[in-house]
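Each of the two complexes below includes chain A, the first together with chain B, the second together with chain C.
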Partner chain A sequence: MISAARRQNAIRMDRSEKTVKLLSYCLLILALVVTLFPMLNLVAKSISGQRYVAAGKITIIPHDISFGAYRYVLTASRFWLAMKNTLFVTIMGTLISVAVCTLAGYALSKQRLPGRRWLMLMFMFAMLFSGGMIPTYLLIKELGLLNSLWSMILPGAFSTYNMLLLKNYFEGLPAEIEESAHIDGANYVQIFLRIALPLATPVLATITLFCIVSGWNAYFSAKLYITKQELLTLQAYLAGIIFESADPTGSFQLSANNASGLAKQSVVDATVVCTMLPVVVFYPFLQRFLVSGMVLGSVKG
Partner chain B sequence: MQRDLTLRRRLRSIRQNEYLTLYLFLLPAVVLVVIFCYIPIGGLVIAFQDFNIFQGIGGSTFVGLANFRKAFSDPYFLRALKNTLIINSYKLLYWIPLPLILALMINEIGFMPLRKTVQTVLYMPHFLSWVIVGGIFTSLLTVNGGVVNKLLTSLGMKPIRFLTDGNWFREVLVWSAMWKEAGWGTIVYLAAITAVDPMLYEAALIDGASKWRRIWNITIPALASTIVIVLMLSLGNLLGNSFEQILVMYNSTVYDTADVIGTYTYRIGIGQMQYSYSSAIGMFNSVVGFALVVTTNALCRRFLDRSIW
Partner chain C sequence: MKKFATLFLVLCLLLTALPAALAEGDAVDIRYMYTDDSFDPNTDLTRTLIQEELGVNIIPEMYASTDQVTLILASDQEYDAIKINDTTLLGTYAKAGTITDLTDIIMANETFYNMFPKEVWDMVSVDGRIYAIPETDTQDIDWGIAVRKDWLDKCGLSLPTTVDEFYNMLVAFSQLNPADVGADYIIPFSMSGVNSTLYANGLIQAFGLGGGMHEFVVTEDGLKNGYQLPGGKEYVTFMNRLYQEGLLDADFPANQNSDVVERVSAGNVGCAVLCVWDSWARDTLKANNPDAELVYIGALTKEGYEENGRLATRGGLKNYLVVPATSTKAQDVVNYCVGFMDDAHYTRLILGDKGVHYEVKDGTYYPIFPAFNEMNKGRWFYPTNVGEKYTPLFAVRAHKEESMGYLWDNLNEYKAAHGYLEISHLCPLLKEYSDNIGTLTSLSYEYLIKMVLSADELAQYDSFVERWMAAGGESWINAMNQWYTSTH
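Then we have the complex of A and B:
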């Protein structure tokens, strides 16, 4: 009797297990389609002929393939200027930010440092409360940083959140290594450079990637502080093209019907693709660092 | 014993000399925070002034709380406040269940390479900027050749002006935000799921609990504190969220339903140069946001023994 009941249980359980699996797979496929479709649609439109794009006939399969839109975008000197500005902001911003946060995080990981609590409080408060958009804007203006790429780098260079990730990591390293180095006569600079930094490579990689992504994607600071066309970063340049119908070359407005045979939407879409390409290409290889950073941060900041 | 003591003393004296180095390590961070965080916080004084850029903070007259009083009788500010609350609450409604369900489903995939691929695709939109996401959705939903409207018209329906119709625009905001973030939101849940003791599932299996019961009675309770943390974090961000997304995607035809505090502050502050008034609105936002974060964190610490910081 008992074994019969058990068998009954096992069968019922097996069925529910299968149902859940099947349902999960189906819904996940739906989720993948929903995620990928808008991107693939964009790519397809960027390489399709004007007639098809304007009529809304393109789903994810391109028709009348031409790379004219890409030629149009990639020969625009403004695109490359914007790219140059973005690279400057991203690289300088990342270098400065990682250096500043790592140094501060290391110093604050030393529990005995006098005044540590007050410094922590100062950084935490700055993370949770801000003067807001307008006072910051007026400060940048006072400092003469309007229309300077540094206005996009310096205000966000220190991140309390990233500093805390680093601090927690340094705190987790075994104290004995550093103490024995101390006794051997090493100073903090040497210990930091030769012992702590090499041990912190994984978390440094994560923070560096966070900084690169936020530098590449930075839009609002450009919108706020930069008005000169030649100083626009990629995201601001792109926003102008998508939402204000600016022409990528800056020379004329692409009308809906024009001699070039390009749909305006194709050119816009090609610019979007060019801007998102580096993220899409590099991200899968770097995913594990980014995810581990997210997990680190969610456990306890 | 003696040797140990001298060693320790020596270590202490080295440490004290070395603290100077550590303060130097902290110097760049302190300088940046003081300049770019604390000076603007001090600059909030203009929220209590009738600030004039030519007279500066010293020369402008103080008006007390007049700017704040003005805000609460300004229909546009009240509209922005209402929209901020509505849009962010609406997002919250989906932000809690969607990533949770996605995580539960991802957890069902046993074949690792497939699981990794699914995760990679679902996480990707998180790394695209709002400008790009805005561009993707504009291209998808536009009335001029967008594939969604093409589908609607071919089904005999009227085209929908997703981007200029106020009510539809809110939907676009919420769903494009979910498109971007729902996958990424699964990470915290997936991390918590791996921490569940497998013995619990085995025991339930022997007792004949169905898969549904095991999810409902083991997995979900195990995720409860994570769900609450996510909820608290979002509540703390109730006023600050959505600003950049809306700034990128909105236009004057949808101000009625989509103008939020951030975008309103931007327009009257940067656009119309009403520095004092916009600072007062910004300060209201910062103070309420701060209070929300501190309160939710205190609640988390009290009841869940976990805190955001």
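Then we have the complex of A and C:
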């Protein structure tokens, strides 16, 4: 009797678990559809013929398929120039930012560092109270960084938030590991490079991802500090294409003779797809580190 | 002998270097900045032509927003010329001493000064001093009401010329189902209602108004805007009637311009307020239905109203060029503008070479492709321009695409008989305008739509006008009249 009751209970548990699971899946599928729909709509419009796109007849199924919009985008020299600039800003920005934040985070994780508290206060103060747009602009100008790709790299190279993540992570590493390495004859640099860094791979991957996404999306600084077209980033280029296509005075139409037969919306959408594609492809490779990296260092035992 | 030989060699060297030195001396570098655009200005043909024709080496840079310009001027960066279109900023820049007073240099060149009317110079002056070089817009019509010609034919109607005929046409579209798409899917008349003062070029003027409720009309009692004229209320009532009877697009309040164009393209719209630059609507329409055709109706008239039967043209101040106070090249910048407008250079700098980049047929300018693509973005470099002089040449750009050229030609056929320039386009920036326009515009955007949608709101028209006047409308109208009286 008892075992039958237990079995019934287990079945009931199974059913309620199944219901929860089913609901979860339904919600997740709904979220997936909501997220994917605009992307599919974008892709469908970018490869559909003008007569369907311009008449608003495309949802997620393309009609009258044509890759003219992609040809237009990918043969534009300014697109590749912007891509080159964005790659430079993203790669250099990520390398420098990760290096600077890691060094600062590691040093500040050591209790014996002289002036540690004051240094932390300074970093926190700078994080909470920034100088504002105009003083920052004047600083960039005085540093001679206007119209330089470095203006998009150096001001944001040090992130207190990322440094804190790293610092907390390093603080969580057992001190005994470093002590034993020290006894074995390793100096501080060797301990940092060969012991601490390899152990910090998850948090480093997370911060690398943050930096890559931030570098790839560099827009505001590009719009503020750059006046030479050859130095614009992809996002600034994309914004230009979108604003131009929405301009009722006809700049886009008057300049788009080589794009005739294409809906201007297709050109805009193809540009958006080409701009987001590299990150979309790259993201899943680092995404698995993201969740673990974000919680790592946040709780200390 | 050895000394003579040395001297001879030195002289030879000097003579060889002289032309190059002279040429370098003649070339003037101008660090020029204008709003960002999607092309490479460094390799653009117009830049090369400017160098060839005027000996000016433009060093091009682009700004993203006027905030960036303000930062650049405030931080004393060394630019020689910046072209701006926001007239509200000129006074701020001049009073802050960040731009150069050009009065003496410009007044010294009478021919150039006389290219623009006094009103235009006033628009770029602060406290009686000239602080910028103006660029006036082309004098053409680019907005109008486009109607489906094939629908008209099916309904046995001709193009309407009066408001009554226009109304009857909408009723016919609604009832006769000329598109065979079903009466429920037909939109007799579509226009954008978002951020709108009910501008429907050719229709609103039939009620004795300017192009929009905010625009002014010259009357015997001075300047009056839509809210002061009897036609204002009647026009809003007419639009309300269209909406209530299902003749105006049901989505009118939420329609952006792109929505209207999309509906025209889809083939469900009988007529719509359409810009000639949205010519892809016609392309799409004809791709889906080769028998479809769009034509613009001209200026409509209405009994009992004077000053009607008009179509607003573009014109007036479009941009202005300032010389930052840090530049030492104010004279060179003015010379560049003078040289640019000189007949000896003007056409080539705008259109390239005849027979290569453009051709003239029956007095109208047309582009030659693919060569004209090289001149495509050239207008980015224009330091100034005179709309009247530029308009015939602009036809080349308007004809870059078949449908665009067709619509532009079609609408501008009415220009000679009905075209007019809004008086406000010649008015300098008034303090009463800049102080109040934000509030006044918000009020109009909100309540005009409500009055079109609801009879109850429409009944409140007079109290709304009182509120609008009290919110700064009256002081703006008074300032406009003071300006008009002092200049006319």
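The rule is short, and it goes like this: the second predicted complex is superposed on the first by the 243 of 301 C-alpha atoms of A that agree within 3 Å, B and C clash if a C-alpha of one lies under 4 Å from a C-alpha of the other, contacts with A are read in each partner's own complex, and residues count from 1 in each chain.
In this text, a residue touches a chain if its C-beta (ideal position, glycine included) is under 8 Å from a C-beta of that chain, and two chains touch if they have at least 3 such contacts.
Predicted model, so just to flag it, every value in this text is computed and none were measured.
Shared-chain residue A:Tyr283: touches chain B; no touch with chain C. Of the two partner chains, both chain B and chain C are touched by A:Tyr137. Annotation for chain A, partner touching more residues between chain B and chain C: B.
Applying the stated contact rule after C-alpha superposition, one finds that A:Lys57 touches each of chain B and chain C. When both complexes are overlaid on chain A, the residue A:Leu224 reaches chain B and chain C alike. In the superposition on chain A, A:Asn41 makes contact with chain B only, not with chain C. Looking at the shared chain after the overlay, A:Gln235 reaches chain B, while chain C stays out of its contact range. Applying the stated contact rule after C-alpha superposition, one finds that A:Ala107 touches chain B and leaves chain C untouched.
Touched by chain B in one complex and by chain C in the other are residues 54-57, 134, 137-138, 223-224, 236, 263 of chain A.
Put simply, chain A touches chain C in their complex at residues 50-51, 54-57, 76-78, 134, 137-138, 141, 146-147, 223-224, 227-230, 232, 236-237, 240-241, 244, 246, 248-251, 253-255, 257-258, 260-261, 263-264.
Against chain B, the residues of chain A that register as touching in their complex are 6, 9-10, 12-13, 16-17, 19-21, 23-25, 27-28, 31-32, 34-36, 38-39, 41-42, 45, 53-59, 99-101, 103-104, 106-108, 110, 112-114, 119, 122-124, 126, 128-139, 154-158, 163-164, 179, 182-183, 187-189, 192, 213, 216-220, 223-224, 235-236, 238-239, 242-243, 256, 263, 265, 268-269, 271-272, 275-276, 279-280, 283-284, 287, 290-291, 294-295, 298, 300-301.
Contact residues of chain C toward chain A in the complex are 33, 36-42, 60-65, 68, 71-72, 75, 77, 142, 257-258, 261-263, 265-267, 275-281, 283-284, 287-288, 369-370, 372-373, 376-377, 397, 400-401, 404. Only residues 7, 10-11, 14-15, 18-19, 21-23, 25-26, 28-30, 32-33, 35-44, 46, 53, 101-102, 104-106, 108-109, 118-125, 127-132, 134-140, 142, 144-147, 149-150, 179, 183-184, 187-188, 191, 205, 208-212, 215, 229, 244, 247-249, 251, 262, 265-266, 269-270, 275, 278-279, 282-283, 285-287, 289-290, 293-294, 306-309 of chain B touch chain A when the two sit together in their complex.
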